[in-house]
Amino acid sequence: MSSDRELRRADFAVVRSLPTRWSDEDTYGHVNNVVHYLMFDTAVNGWLIEATGTDIRSLPAVGLVVETSCRYYAELRFPQLVTAGIALEKLGGSSVVYRLALFGADESPAAVGRFVHVYVDRHSRRPVPVPPIVRMALAQLGDAPAE
Amino acid sequence: MSSDRELRRADFAVVRSLPTRWSDEDTYGHVNNVVHYLMFDTAVNGWLIEATGTDIRSLPAVGLVVETSCRYYAELRFPQLVTAGIALEKLGGSSVVYRLALFGADESPAAVGRFVHVYVDRHSRRPVPVPPIVRMALAQLGDAPAE
Amino acid sequence: MSSDRELRRADFAVVRSLPTRWSDEDTYGHVNNVVHYLMFDTAVNGWLIEATGTDIRSLPAVGLVVETSCRYYAELRFPQLVTAGIALEKLGGSSVVYRLALFGADESPAAVGRFVHVYVDRHSRRPVPVPPIVRMALAQLGDAPAE
Amino acid sequence: MSSDRELRRADFAVVRSLPTRWSDEDTYGHVNNVVHYLMFDTAVNGWLIEATGTDIRSLPAVGLVVETSCRYYAELRFPQLVTAGIALEKLGGSSVVYRLALFGADESPAAVGRFVHVYVDRHSRRPVPVPPIVRMALAQLGDAPAE
């Protein structure tokens, strides 16, 4: 991940605007590290709802989050408008790995992270294939990089 | 509500311990005003689950919050352990009005609030009677004060 | 407050757009009652920062929240864009009472609330006059209704 | 990290009890993935305040979070009481890497994560040595594993 800091908005097929909230700031007067994950969740799921044209919450398969991570490079502050970049890092049979970045005022990212969904049956909670409608939407993110 | 500040822990039939979290503090270095409502929600619903011995989320009738309010008298700080007092202010056909107080280190309350549940059918979202199992639990809160 | 439900976007001098977040929804599949207060806080403070052209967090006087309340009329869902209306209910020597409403897809409000700031000295936490720069901004909200 | 799932409460020098909150559950009826980071933040900072006997927020050096990650193995539900395990993964000149696990009802962890603090000067935000009082507290976590 040595090149994370060189990521730019243009490196992401999809970007989303995410406003900060007053209480996102913690006692240190900057956006708390947890908020970045609220933004990842909102960026990915909000985009999925739009790109599929479907309420993904009512599909028989739901995307459970099995792994997340974030590196923090710069502080964010309310009322900054944050831009989230979404890229496809890897598409598996049941899983989708997203690469995400959050941009504040600067050209370089304030934070870069990963977000991994595994699709499971809503009731049995056992892995199932990524739903076709999700797979079609993911095509808008371009190809995942070759490994 | 002129006597709110005179409320004491002993005025409440039920008290619950609610720890603060690091990020409850906002940029002003005190627990943000929104957190008090997280505590009200947690105190009432946590107590209902215990007192009814039932997962209230799976009942055919769910308690929707239709009104809340809070007056703030003193600042709270992480890692303070907060004590929530729960009292019954009014029991109606479909609705339950709780009086709540949050206590920090002092004898007098840091905040006092109201929390109103209306029970509705899970699917139609239309008002239904307060479920008998909830009504039985509420008896532990004593009588609501005469109006 | 019998006419709360008749409030419309046009009744507010200032309106602000506030996106929902994925995790705003609770186990009942709607925006949790606590989120409305996150929105009130964000609407008022975000507007104050813009309207004063000043980072209100660095003023010698800070606005502490001493009272809040909310009535809930309709459910909100992610990814709904919420419109917050801000009106001045009362301007006192040290305090400002805001009337707020949150609108979802409908013409009528999903929620209506009050939000009371008391200005205090940052260090002593004792009440001080509403800062002139805030008072000037409040003029944009029009006159508070005669009592 | 292949052995993460084999971690047990006894593998952690320090364990802390962290109650869930009602609104920790999201639309899928389980504790949202973001809450785990609220718990990491609360476990580490709450323990540091106790173990140092000092309000770490008022030290000249503050611990900024520069990296976090979490793997999710099992769902948590309100009102479950969560046990957080804290271990020292690495102690550097300016940085502290914590290994954390969250346990629900089971013997095996519901989630395992990392949490990295870099100490910076409160004003300049430039790295400084880990404060001696923090370093002394960290001794209670035992030695970091040899690399």
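First chain written, first letter: the chains are A, B, C and D, and each begins at residue 1.
To be clear about the criterion, contacts are C-beta pairs under 8 Å (C-beta built on N, C-alpha and C of every residue); 3 or more make two chains touch, one makes a residue touch a chain.
Model, not experiment: these values are computed from the prediction.
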{"item": "Which of A-B and B-D has more C-beta contact pairs", "value": "B-D"}
{"item": "Chain whose mean Cα position lies farthest from chain C", "value": "D"}
{"item": "Whole-Å separation of chain centres (CA-atom averages), chain B against chain C", "value": "23"}
{"item": "Computed distance of Cα centres, chain B from chain A, in Å", "value": "35"}
{"item": "Intercentroid distance (Cα basis), chain D paired with chain B, Å", "value": "29"}
{"item": "For chain A, residues that touch 2 or more chains besides their own", "value": "22-23, 27, 29, 32, 34, 38, 41, 57, 78"}
{"item": "Touch list for chain B against partner chain A, complex", "value": "22-23, 25-27, 29, 32, 34, 78"}
{"item": "Chain A partner contacts - residues on chain C that touch it in the complex", "value": "18-19, 21-23, 29, 38-39, 41-42, 45-46, 49-50, 57, 78-79"}
{"item": "Partner chain A, residues of chain D touching it in the complex", "value": "27-28, 32-34, 37-38, 41, 57, 62, 64-72, 75, 125"}
